[in-house]
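Look at the two complexes coming up: subunit A is in both, with subunit B in one and subunit C in the other.
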Partner chain A sequence: MKPKVVVFVFPGSNSEDETKRALDAVGLDARLVHSDDAEHATADGYVLPGGFAYEDRIRAGAVAAHDRALDVVIDAAEGGKPVLGICNGAQILIESGLVPGTGPIRRPTAAFAPNVPGGRFRCVHTYLRTMQPPERSPLLRGLGEGTLVPAWAAHGEGRLSASLEELERIREGRHIAFVYATSDGETTEGAIPNGSALGVAGLINKKGNVLAVMPHPERDAWTFMHLGAPGASRSDALAPSGGIALFESFARAFSAL
Partner chain B sequence: MLELGLPEIALSPEERKRVVETLGREPTPVEWFAFDAQWSEHCSYKSSRRFLRNLPTSGERVILGPGEDAGVVRLGDYNGESYAIVVAHESHNHPSQVVPFEGAATGIGGIVRDVLCMGAEVIGVADPLRFGTSAWAGFIAQGVVDGIAAYGNAIGVPNVGGDVAFDPRFDDNVLVNVVALGLVKERDLIHSRAPRGSAGWDIVLVGKATDRSGFGGASFSSLQLDAQDAEANKGAVQVPDAFLKSVIMRASYRVFELLRREAIVAGFKDLGAGGVMGCTAELVASGGYGARIDLDNVPVTDRDLPAPVIAVGETQERLCWIVPPAFTPRLLEVYNEEFGLPRVARGAGATPIGKVIAEPRYVLSHRGSVVMDVPTDFLCGGIAYERPYELPSRHEGEAVSRDVDLHALLPKVLAHLDVCSRAPIFERYDGVVRGTTAIPRGYADAGVLVPIPGSPLAVALAVAGNPRLGAIDPYAAAVAAVVEAARNVAAVGARPVALTDCLNFGDADQPRQFGEFVAAVDGLAEAATALETPFVSGNVSLYNTSAGGNAVPASPIVACVGVLENVANVVTPALRERGSALYLIGPRSDALGGSVAGSFFGAENEALPRIDLAEVRAELEFVRAAIDEGLVLAAHDVSDGGVAVALCEMVFASRERTLSARIASHGAWAPQTAECGAWFGESGGIVVEVAAAERFRAFARERGCAIWRLGDVIAGDTLVFGECEFAVESLHDAWSSPLRGFYR
Partner chain C sequence: MIERAFAVRLAIPDNEAYTAMVTLQRLGIRCERVERAEIHIFGLEDDAAADELDRVVPTIATIYNPNKHRLRRLSAPRPVKGEVWVTARELPEVHDEVVVGGIRLPGVRSAWKATSWRLQDAAGNDVSTELLDRAVETLLCNSAFQRAITA
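Entry: the complex of A and B
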């Protein structure tokens, strides 16, 4: 049987459909569940999609982090189930304290803060450079240190911000799953679209079962989304490729557990 | 009325007289405001309609032409279902000049409802923008871009097209046009009218509680703007709530599903100009019915809201259903329980407010008494004006043969505000949400979506409209807008299938300014007919003038929808292979009137490039066929800045691959033209990169299409134009820098 994954839809979520398509494409059984119905949402893993849950009131992710749906996600995370948050989902995970996971639950130790410069929403193509070896986390098992995953950064609040001590803990504790990179894999200043500390694009918790990624790999997960890229095969434009790698890696976590 | 703090109504003395005579009595205040809204230019097209009739509106793919909230064209079949694209086009110019953020945001909000109410999923938006150049206009421009970003990003609809032009003549009147696309199965289309046999059905209002915002919007948009009035007019602008809209959209998709399952034909329409009254009156009038509505049923934020405000106020984020009473409880459950609108925004929800009646009368009551009772057809039907107009004479000027210092001029042209990179603006918009975008905004001449998961069918969308031409010759500007929009779509490999227009002009009461509108409609009709691409929807925005009499340049703005059978065939301007050949399709001309380069040496009023519509049609058909054949690696239309700029942009787009171009001297590919016209003339055409040059030449010969060999794609960071060499990096700097200061 396919592992069942619940994608929680909050009021204001807007990326649930494409996220479900990517999860289904890698052999998972993804179900969209409204956050109000969270108590009935038993699953093998959980995904929090992009969007503007609760209108990003207070801070992006701050309200949803206190939703009942997060009780379910927190329980699952503590029980070792795979959890993935993308963009707004990543913001919710950091607000819930699940990532980097260096403090107590729902007492965030870091934030995805307004972009620099200007605090404005930016939508730009980018690459996630994998910063941990496969053995660090079951969710990263399908990638590999240095592997590049194409994705779109599309957010106004994605700059990792924390105290210097906390940033040190994040680095030392090997919580940096991904950093922003160029198509050549270079982690230059210019590759960071939002001023994120340490160039961080994705965080992982200590146990390695909760992954928060700011850019959207599901928006570059099919060949037609990157037909111009070198090596893209025009004969099968509807095939999954590119950003789908991150979902494939996520799916492998279920067989590993 | 003044005690209520209400604005004066905009009806003319003759219109007031007609209302009094027909009703046979003095109208009530609610009736005055109702006629004021319904008979505004914005709602009634009273001055423009007789000219718009000349536009071609039918074609083999047209399912629904102009008349409802949006037009509908056939996309194609997938899994035994016929799919259609819904397209709507509007302006939100006046509100954006007064309160830029809210004005632009509600512009997106309104156009999205126009598409939604056809039963469609909203799949994309595009926004043609015309900004001024003063410091204040810069502030307005920022607010407009912020408003579009905030609203469009939040509702999760990708921004896939649009353009931006700058001109001091927009200082007092910004133009904010919006286009939206929807996807619907042909058999699930919902119409904006009371269905046959709907007498006795419920009229159900959905969305935000009615408040004081947006009162007088319809007539406000038909008045000219005065700086002193701007402050007072702020109350006429609506307040956006993208969060609520996002939930309403998803709840409505759920209702569509239920209606489909139960095979119910319902009526659905968005509330725009004229508020509750305008929407419900048009819904029932177009079905030949009447309505009886109790304004006390309309949820309000303030118990003391006067009846006219409840009736015609334009509070945002509202829609209206006409459904059989047996379905009403289920409808209310979806909006109020399943999607919990009342928990999303105070007072929001779905509420029955009245009934459809067989008698064609429109009756409103408030606190126990009838406050409006008029014949529906008189309210919604025939008001028309035959305004005097003076057709502008066609522009005549001489074409001057010029040599040019390429080294000096090219960087200047690249840095021109109408040419330079728009990235600082379009990066503010989410172009890839929904995960259906093949080509986001700014990566090609048209945006491309693959809206049906699993199907290779793709939709292209592009817009065009050149204010430099509009200021000189409205007719020529209209022809050029149609041609460029269609060419943009063909340049990505799509077949142009439908057009929409937003016609932004000055004061309709001035025969000269109204004449510009008439001339432009002639141009649109001529070009659309020649290209066999019908107009399926559109919008007219008149009175884009300020008290000083400054009218905007004639701005016929055209959007073109294209269809690709297979997204795999899409091409973009990015050069792809070292050693491939570059060809030009379309002749050059010395005419520099209205061109970007011409503005650097006072040639604005010289001859305009001549457009041969039969040639354009052949050119577009040829390019599309060549792309379909797989002969084309990259393509880019020639527009602002001419061939020189088109080539630079193709090189910039491939920068990651460090490809460049070596182009022959103009004598080789534009022998009849002097140097300046060859490189910078804006006579249209398309530049293509081809791998198999021999096959491409043979293909062109077979089809009788003239092509010129421009040069080759080379590796490296040097661009060669004839005798001139440029460092790509420095040209790219010139092109990418000017709008970096958009936010100061």
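Entry: the complex of A and C
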């Protein structure tokens, strides 16, 4: 039987369909569940998609982090189930304190703050460079250290921000799942689209079962989406490729746990 | 350098303030009314620049839309009792020239924004300082990148 994954849809989510499609493509049974129906959302894993939950009121992810759906997600995360947040989902996870997970629940120790310069929304193609070995996290098991995953960064609030002490804890505690990179894998200043501290594009918790990723791999998960990019083949435009690697790795977590 | 501050409040129903109130109630913070305003603070060279700013601010469309906002110049660039301002942790940068909404502001050296929150009970009184502090800590401010300023 396929592992069941709930994709929570908040008022203002907008990437749930493509996220579900990517999860289904890697052999998971993905179900869209509205956050109002959270109490019926029993599943083997959870995904928080991109968008603007609650219209980013107060600040991105702040209201959804206190939603009843997050009670379900927090229980699941504490029980060791795989949890993935993409873009706004990542903002919700950091506001909930699930990542980096160095403090109490719902007392965030870090933030995906407004981009610099100018706090402007940016939409650019990027690469996620895996910063941890596969054994660090079941969710990264399908990705070797240094693997590049193509994705689209599309956000106004994606800059990792925290105190210097907390950034040190994030680095030392091996909470950095991904950094921004060029297509050559270089992690230069120019590869960072938002001024993110340490170039961070994704964080994992201590246990390794909660992953927050700012860029959208589901928007670059099919060959037709990245035709012309290095290594892309025109042979089967509708085949999954590129960003699908992150979802394949997520799916492998269910057999690993 | 002198400072001038303006508060911009919605004249139409403020859904963001309502969402904040409902979320705070869910967190056990008893309040029946939440007021929110965008605060724009400018650092200025002198009084002449301040007078010019008073004239220009109502014309900046990214700050003030007369169809849906009320604009008020504040008597002092800081929150009053019962209010909290939430803003970026970083201090505002000083520039030779400041442009807001495509309009150059003569004599203005810095510009920063905050969100003002005021929580009230059913009788229309401000909630206690302790309750406001709790609201700030649990929802209104993420101290990883923001700071809260009170009176």
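FYI, the second predicted complex is superposed on the first by the 257 of 257 C-alpha atoms of A that agree within 3 Å, B and C clash if a C-alpha of one lies under 4 Å from a C-alpha of the other, contacts with A are read in each partner's own complex, and residues count from 1 in each chain.
Here is the rule we go by: contacts are C-beta pairs under 8 Å (C-beta built on N, C-alpha and C of every residue); 3 or more make two chains touch, one makes a residue touch a chain.
Not measured: the values here are computed from a predicted model.
In the superposition on chain A, A:196 makes contact with neither subunit B nor subunit C. Subunit A is touched at more residues by one of its partners, and among subunit B and subunit C that partner is B.
Contacts of A:106 after superposition: subunit C is touched, whereas subunit B is not reached. Legend: residue contacts after superposition of the two complexes on their common chain; A:121 is shown touching subunit B, with no touch to subunit C. In the superposition on chain A, contact is made by A:237 with subunit B only, not with subunit C.
Of the two partner chains placed by superposition, A:35 touches none, neither subunit B nor subunit C. In the superposition on chain A, no contact is made by A:209 with either subunit B or subunit C. In the superposition on chain A, A:130 makes contact with neither subunit B nor subunit C.
Taken together, the two complexes place residues 54-55 of subunit A in contact with subunit B and also with subunit C. Residue ranges on subunit B touching subunit A, taken from their complex, read 146, 149-150, 153-156, 242-243, 246-247, 338-340, 343-344, 426-438, 440, 450, 453-456, 458, 566-570, 572, 574, 576, 656-657, 743.
Subunit A meets subunit C in the complex at residues 54-55, 57-59, 62-63, 66, 95, 106-111, 113-114, 161-163, 166. Taken together, the subunit A residues at the contact with subunit B in this complex read 11-12, 14-15, 17-19, 21-22, 34, 36, 50-52, 54-55, 118, 120-124, 152, 154, 183, 216, 218-222, 224-225, 227-228, 230, 234-238. Remark: subunit C residues 15-16, 19-20, 23, 26-27, 88-89, 137-140, 142, 144-146 touch subunit A in the complex.
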